[in-house]
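Listed next: structures, encoded as structure tokens.
Paired with chain B in one complex and with chain C in the other, chain A is shared by the two complexes that follow.
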Partner chain A sequence: MTNTIDTSIYAAITEAIQGEARRILSEGHVSAVVGYAAARRKGSAQPVVITDAVRAEELIFSAACVNNLAVYLTKAKKEIPKTGKIGIVVKGCDLKALVGLMGESQLKREELYLIGVPCAGVLASTAQPAQELTGDTIAPKCRECDAHLPQECDFVPDRQPATPELAGKYRAEIARLEAMTPAERWAYWKEQFKKCIKCYACRQVCPFCFCEQCLCDRNKPQMVETTPRPAGNTAWHIVRAMHLAGRCAGCAECERVCPMDIPLNLLNRKMAKELKELYDYEAGFQVREKGPLAMYDEKDDQSFIK
Partner chain B sequence: MHHKEKHAFEPKIIAFVCTWCTYAGADLAGTSRLQYPANVRVLKFPCTGRIDPVFILKAFQQGADGVLVSGCHPGDCHYIAGNFHARRRFAAFRKLLEFVGVDLGRLQFSWVSAAEGGKWVEMVTDLTERVRGMGPMQEFKELALEEQWSGAIDTPELQEAYDSI
Partner chain C sequence: MQKFISQQNLGHLLDKLIADGKRVVAPRMEAGTPLYGPFADSAGIVLGQLPRRSAKETFFPVCEDIMSYGKEGQQVTLTDVNPARFPETVLVGVRPCDAAAVPVLDAVFSWDYQDEFFLERRQKTTIVGLACTQADDACFCTAVGLSPADPKGSDLFLTPVEGGGYACETFTEKGETLVNSHKELFGEPSGAPALPLAEPQTEKFDLKKVKAWLDDHFEDPAWDSIAVRCVGCGACAFLCPACHCFDIVDEGTEKAGKRRKSWDACGFWKFTHHASGHNPRDLQPKRYRNRIMHKFKYYDDKFGQTLCTGCGRCIRFCPVGIDIAAIVSEISKK
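== the complex of A and B ==
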């Protein structure tokens, strides 16, 4: 399956983003724009913060713009001088993270100027940034994307993304694992978690891991072993998935940055699926004050409690 | 007289209980001279809402063969809704544990009120016998015994990545 995905609109989107960034910066609507710029290797992209309208021409959008920029507005936001609104370039999936952060009072809608991107998909790996976007090279999250066109942004380039019909990888993988016996699943995850080197890249890149002190870094009492050994790894990944349950927007950044190729988003997608089934909750489409695990219903299922 | 049975395997059961209901219920069982297996170690919490899923993980890692989480019946919470929140959290946590391959037979949730000394005995006996039948919980203990990550390239994906360097 090497069907090419049409990314011809990305050039026009780049132009529209540049124009809008130039306008809002020069008219003083925002103090900065967080977006993507070309990086040193041909075809690659990197996050950039622009505060001067003349630099707006640096902004780009391409299939190599894989980062979720929402992360720059949480952990680092204290260092961003509060001089006014911040403009940010968002794909549909990244917008879901911002929406979740607004619900958790980490961001205010009125502090942001959202530049939405109609997106047909991005690359799974930017190891070869200049490669073509096809059914094989597209990021797994894009295969199951339900937010090609971001909603309720302040500005969206007038383009329709080509939305390819692709088989969902996570859905298939979850079904495959669910069909296994507990022992087989344990063996599978043991192999996966064994690879973990505890670099915590998954945590650092996650917009929802914004705790000032992570539970997993505490040592009095130590809840989760910090060693890069199988016991601590397994505990870390279970805790991580639990803390993201009902919050994860599915941007799959954790999985993308994992140097050991652990299918982390698989756990997140599984939890999202379960919370949808249990409490009919889907993260990321509307700003909600409380996630499914921060509220309750007296009629909740309790068939598992004796 | 009670007939005392010797078992080859004595399961360790950790019970996380709420101080207002289940702890008082277990106390009632004691003061009522009800007999139940001595396999259970009780840890008292202010509320089931205080019981973090990591406590359960930690219990398994430290050698528990079974875990019981027990608190007040819905509507009876000393803090109004702690048990309702716990109910959702544990419903989700069970799904996650199941997905990573933990047999949920080792994990029991229950509502035991301060008046239900008999139910406490029943819960502990049931879980102890069930876990005894399942045998020792090996998975987490095996993990703890495993050596430090060796850097061995033991998956096809890693091998492929290594070869392409």
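== the complex of A and C ==
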């Protein structure tokens, strides 16, 4: 098949991850390693937390390792005791979220041991876990990836990932939506938001949705209608998109997990595009104190205050 | 009663029902996603894939108003919703795993409190089930004692046959009424063999053994290893044909508003969050434990039934790959 994407390095990466995890656990450098393990369904993988070096052999990397494991290091996940240094398997796109979390003082670099993965891509949510990685089954985010090789990790298996040239879908789709009239665009999103059932899977997997209590869950007073109806759904999506503006680093987890196929990353990418144009800012590359929307500068444009 | 209906006549049947003023609900595409929903003509019906959400929403909508209120000066008015106005409905193309969940839900919605919203819709709905010809490795209806040809919950059941069309069998009076009122569209059984049915690969669970283990292991380290990765969303419960928890909230202003009932899920942190601030299910493994306990122990204790039909939706759409079939199978081996 012509559009097969070469993932042959994933076997060697799996071996390297296992070796490194075994070493850092048995030598006591870390108290736990968050990674991926094979699951029951053919070809599938799921997140796993390992504290015993003997279990390092369970770790894998494959095109089914879709999750951004950074979510497990946030304070939203109290199940994983964050004592001592924690090892974590990261793809380039996941690393951007970790960098963002460090910038927001949620994590300290010295408390992490980063096992970076040279990554050619992972499967789209529409693919079955056992499917081969091709131009058709690859996740949309991987089509426009700029982080195949994660930088500044503590350990990266020495492999060069295939970096296939694929046409970007988000850019084209955003251009299509931008060309619409506001009424057409409103109609498009209304149709999409109508499907939302407020399962909050998008929020729960997002590394940046780490609030102790989400404003959208409040009922005393109710800030946003909690019921899945048109008004409350639209409000929820606006809150979500705005709270992620300038922070979202594009791991596209929200979109991947949405059981209603709502293209959430289009909102994220559009926000990112605006941030780039307005502030020449891109999230996830540098550990910064504050993103542009959380910062005040006297030179900021004030003309919108009337 | 055994009959045959051609593909074309099935379309005519739906169109006639719609013309008669019935609400016809069947799988169709909604903004790119297959969902059960009401429609205006039979053209858009999509029978080839399992709808993303289950058929439960026909009886138990994602969100519904149950009362409205208004306040003018000292005068408060409360207006109830009148369930008698719910329309007669025919629900078509329902997979066995979805149809079988409906009688399971009857038990809880007509237990100590008669939920008129559910029961009125239930009573007014005729369910036309459809045998399943395609399974993936998340399907496990056979493991919980059902099958791709199980008519449980269906009033009329369709099995696709070779050469096109469906063998029909009625199982209730509602099913017979449906056939008898449109006799001209049904023929005698054609004798054509059924198309090969789906073959879910999972081995049968020993549900008694599973329950016996659950009876004794409310506290067990296994819960941590199973659910430490669970992120606490509502995807599994919301897509499930058998999950039935709901929340009730008042929304609106001081002057006017609605009381609404909408889906809730035990995976959510706030599900058991007390007004005092205390949360007895403070960590995710305790919440996920409830999911398994409710489905394979509590519901059995209370109603003698299992709260899972093996549709596999929660497996396919769990953001972190939690696999209830793998978990239950492991428990049955303990």
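Throughout what follows, the second predicted complex is superposed on the first by the 287 of 306 C-alpha atoms of A that agree within 3 Å, B and C clash if a C-alpha of one lies under 4 Å from a C-alpha of the other, contacts with A are read in each partner's own complex, and residues count from 1 in each chain.
Rule of thumb we're sticking to: a contact is a pair of C-beta atoms (placed from the backbone, for glycine too) under 8 Å apart; a residue touches a chain by one contact, two chains touch by 3 or more.
Here the structure is a predicted model, which is why all the values come from computation and not from measurement.
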| item | value |
| --- | --- |
| Overlay on chain A: chain C relative to chain B, clash or fit | clash |
| Touching partner for A:217 - first (chain B), second (chain C), both, neither | second |
| Which of chain B and chain C A:135 touches, first, second, both or neither | neither |
| Which superposed partner A:49 touches (first chain B, second chain C, both, neither) | second |
| Touched partner set for A:228, first chain B, second chain C, both or neither | both |
| Contacts of A:19 with chain B and chain C, given as first, second, both or neither | neither |
| Which of chain B and chain C A:261 touches, first, second, both or neither | both |
| Which of chain B and chain C A:305 touches, first, second, both or neither | first |
| Partner chain(s) touched by A:194 [first = chain B, second = chain C, both, neither] | both |
| Chain A residues contacted in one complex by chain B, in the other by chain C | 191, 194-195, 197, 225, 227-229, 260-261 |
| Chain C residues within the chain A interface of the complex | 30-33, 35, 52-53, 62-63, 136-138, 224, 227-235, 238-239, 247, 249, 251, 260, 262-263, 265, 268, 270, 282-285, 315, 317, 319-323, 325-326 |
| Residue ranges of chain B touching chain A (in the complex, touch as defined) | 52-54, 57-58, 61, 74-75, 81, 84-85, 87-103, 108-111, 123, 139-140, 143-144, 146-149, 155, 157-158, 161 |
| Residues of chain A touching chain C in the complex | 39-42, 44-49, 67, 71-72, 77-80, 128, 191-192, 194-195, 197-201, 203-205, 217, 219, 222, 225-229, 232, 253, 256-257, 259-261 |
| Chain A residues touching chain B - in the complex, by the definition given at the top | 177-178, 180, 182-191, 194-197, 215, 223-225, 227-231, 234-235, 238-239, 241-242, 245-246, 260-261, 267, 270-271, 274-275, 278-279, 292-298, 300-302, 304-306 |
